Amino acid sequence: MANETTVPTVAPEVFPQVAPEKGMFISLGPQHPSTHGVLRVAITTDGEIVTSAQPDLGYLHRATEKLAEKRTYPQIIVLTDRLDYLAAMTNNWSFCLAVEKMMAVAIPERADYLRIIVGELQRIASHCVFLGTYGIDIGAFTPFLVAFGRERERILDLFEEICGARLTYNYIRIGGVMADAPEGWEAKVRKFVKEMWGHLKEYDTLLTYNPIFMDRTQNIGKMSQEMAIAWGITGPNLRATGFKADVRKDDPYGLYSKISFDIPVGKQGDCWDRYWVRIQEMRESLKIIDQALDQMQPGDTMGKIAKTFRVPVGEGYAHLEAPRGDLGFYIVSDGTPSPYRMHIRPPSFVNLQILQVLLKGWKVSDVIAILGSIDIVLGEVDR
Amino acid sequence: MTAAEILSTIQAKYPGLQEIPKVLGQARGDELYLSVSAAELHALCQFVRFDPGLSFDYLSFVTSVDWKTHFEVVYYLVSTLHKHKLVLKVKVEDRTNPEVPTISTVWPTADWQEREIYDMMGIKFKGHYNLRRILLPDDWEGFPLRKDYAPKPDRYD
Amino acid sequence: MFELGPILSKAFATLSGWVIAHGVPAMGAWIINKSIQVGALVLGVSLVPMVLVYAERKVSAFMQARLGPMNVGPYGIFQTLADGVKLIFKEDVIPIGSDRILHVLAPMVACAPAFVCFAPVPFGKGLVPINLDIGVIFIFAVSGITTIGVLMAGWGSGNKFSMLGGIRGAAQIVSYEIPRVLSVVPVLMFYGTQSLQGIAMAQTGRWHGFLPKWFIFYPVIGQIAFLIFLIASVAETNRVPFDIPEAESELVAGFHTEFSGLKFALFFLAEYAYVFLSSAMAAALFFGGGDGFSAGGIIPSWLWFLGKTFAIVFLFLWFRWTFPRLRVDRLMQFCWQFLLPWSLANIAFAGLAVLLRS
Amino acid sequence: MIEQWAPIVIFGAMSALLIGLSLVVVTARSVFRGAIALAAALGVAAGLFALLGADFVAAGQLLIYVGGIMIIMLFVIMLSQRPLAKLDRQANDQWLWAALFSLAVTCGLIVQFRAVYRGVFFNPEAAPTSASIGRLLLGDMIVPFEAVSLVLLAALVGAVYFGLGKEES
């Protein structure tokens, strides 16, 4: 097209065709056990092979961006809780980062460490849900009740203790966090971290290295690095292709620059790699929590912020590494108490697009394995 | 590359392009902001995507803002190789039939994001292979994120 | 002391004597006796799934760090009963697009053979409902009819997921039937009979005074045969890791997606009855049936038999709550490229062993 | 009395059922229903074998025909037909000739059977037949038995050939 001298890294077959093809048509969802919510995927198959797949969204659309234009900034934090409801902490955090960036307020160090601790706990909780539901997708029921019902429940108990809520926290506020951790909370987190190492070993024997599980997921749904970047894939899905990319390292926010941790990467970007990267990430999160607990000193947890405040005219974009990838908030302010325009860059929505090309050519029974490994939350896809 | 270096690299190829300067007191990140015309957009995107020095291979997001008099489409580009950023802004004056060329042929990730902008703000992306509503029902009237959108009263109003 | 077999045969002899004394012809007495036996068997077979469902819930709960049913009755023992009552009173839905006759008949066709299959099972010494000479083959033959019920359900529901489930089920069951039958052939060759009771009786005795003469303890041949039989039986009963026909995450509920109420309960009943049947067969074929370590002692043979059967049932439950599901093409590959060659090789080994012995 | 009449009654009922099911097979408008009726008819035929004391043949009939061949046939129908498709008459305009031919065959069979008929006998306590069948198949009849398996082998090879040929094109 424009530049003849460059070689496009995006292969032409990457672009999906919308023309309906002949063959058997299967409408997977919106009421199907494996679509993790209300997603519908329209699939046409030629025998066992998928020839086209079109995700159909919007069943959970709640007009968050429009609502935000009518709310004050602190009120919007409540809306962000409902986006990725499995990782509400990082949603709060990302929005607050964007507003704080525009207002240029300083955050007390203790608040920043608390944010890191709850953010990483949230990542573990979210990956626990992934682990459980992916197990169910593959047909193993026990990991679900172990990871979802035992470990995640303990994290939710910790959250309940620190902010009173179990799912929609509204804990991270503009300028700091809602409240300091109650007495003894840090010791409980330490105890949990210690025990979680053992539980992760249990997951490995139960699922990760189970031959049937590996057979179902290895070499299935392979994604190349170029393809992943071109489609804007972020988070564990991108890292599974072997590409070291993590907002916590590339564009450090909070106090992540003071903490040492690794970015686990996969080898070939198949379903098993995507799963394995998440398991490894839980280990890294445990390390981060330990370090943050060590470095945290007593102090204030809220910066100097007026009760009612205005954000200066202008625009700002801040993003962070949510459990599902690069979550960003783009805010345009006209100086009034509510944003003029707020755009959410949702990792699930962007990651989900690749299904259009990723599912093609795989067997029908692999569809579930691939869909589950992308790990989407419909609350964030539809907003 | 710093913002100045990116600007000079781009201006060597497209001398007409101007940076959007930061107004005093305005809140804004330290990314390079460029104003692009709709006609130039596609070629420029091809250039910044495949130029080895710039290599903006990752389109973080595409969005649009309704400024009442005109629309503004915002492209936020990141290079995963050089870790530098670039913001492109396209001004669309025509409110009745706003049109911008698609860049989903450069970054496939723009596919659904452009569809969402079309869905919410009614900006058409010329050359997009599948420009349909994505989140709202196909028979929805109007574009909700426009500032002049008046929701139809339903039975609860 | 507590052997049921002699007591029961005595009781039935007394009954028929009493009936004949009252002027009923011998054939009538025979019919009365058999009716009571069949009634008892059907009742017992219907109760077994209830016990198994409860066991499944409790076993899975303890494997998953939870308690399982606790509310209905002490430790939730009446939960299955309550569920059964619920299923009976549930609305019976027949989808508009379905083939009504097939839809209604399917659960019956799937369930009825499960009851018939228990006829030649030796529940203890002298405790076999009908001692068929072709017992093993009879069970294989009759249980094959269930597959037709599965296919009828898949087709008659008029639902794509059901049909995919039915197709998968048919392919799977027909394939796994072959290694399953072949894995039993060495047993038949060793004992020279097809009667389950005859096989179980032939396994009494001890090697060197302590090791029971069960088929499982024949070196190599016994273990291979049992493993193949166990794996193929899991596949035949559509249980994890071979639950492809009703793969929840892929096919909603497979062939029984459109069934509700009592009709669903019948499919459920059939599944658990077959789990019990396969375990009972394994106990009789490979573990000496009612043969125990204190034969003639305190523990009667029927308790030994039930104990062994439930131990094998536990294996089924354990598999289900541990393994993920195989993919459908891998499933076929496993059957045809692994199980079938090994079961054929095992028959060859067994032939050699029989030749050397004689 | 009852010992004499019961087998006759059971035989009559089963034969009537068999004939009825066979009629359903040829008249059913849905192929699938026809196939199900065929499976049921084969099952009843197994019952007839059992009635005659041929226990092994009855079990074999069930195992191979109902549990094997019929399932494969149903499988093929499910793969090739659409459920809920418009039901159509399954017979074409040659049904009259087919009926006449079947009638002729039936008459021939009746004539033949009359020559060897010795009365219906009901023998539930008959000696097990599997051992003698085994001896026959691997003894006197070994040559035809192996010849039949050769035919099956040829069919398998043919199937593999066609299966491979399809993949190449």
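To keep things simple, chains are lettered A, B, C and D as they appear, and every chain counts its residues starting from 1.
Following the convention adopted for this analysis, contacts are C-beta pairs under 8 Å (C-beta built on N, C-alpha and C of every residue); 3 or more make two chains touch, one makes a residue touch a chain.
Here the structure is a predicted model, which means the values were calculated and not measured.
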item	value
Chain whose Cα centroid lies at the greatest distance from that of subunit D	B
Subunit A and subunit B, separation of their C-alpha mean positions in angstrom	24
Chain centre separation in whole Å, for subunit D relative to subunit B (CA means)	72
Averaged-CA centre spacing for the pair subunit D and subunit A, given as whole angstrom	60
Rounded Å distance, subunit C centre to subunit D centre (Cα mean)	27
Two or more partner chains touched - positions in subunit D	none
Shared-contact residues (touching 2 or more other chains) in subunit A	none
Per-residue overlap in subunit C, given as positions that touch at least 2 other chains	none
Category of the chain touch graph - line, ring, star, complete, other	line
Inter-chain touch pairs (all)	A-B, A-C, C-D
In the complex with subunit C, residue positions of subunit D that touch it	1-3, 6, 30, 32-33, 36, 39, 43, 46, 55-56, 58-63, 66-68, 70-72, 74-75, 77-79, 83-84, 128, 130
Partner subunit D, residues of subunit C touching it in the complex	25, 27-28, 97, 99, 101-102, 132-134, 137-138, 140-145, 147-148, 151-152, 154-155, 158, 163, 166-167, 170-171, 173-174, 177, 181, 194
Contact set on subunit C toward subunit A in their complex	60, 63-66, 160, 240-241, 243, 247-250, 252, 320-330
Contact footprint of subunit A on subunit B as seen in their complex	23, 25-29, 31, 42-43, 46-47, 49-51, 57-61, 63, 65-66, 74, 76, 80, 83, 104-105, 107-109, 111-113, 116, 120, 129-130, 133-137, 144-145
Parts of subunit A lying in touch with subunit C, wherever the complex brings them together	24, 26, 32-34, 48, 135-142, 145-146, 149-150, 206-207, 210, 212-213, 215-216, 363-368, 372
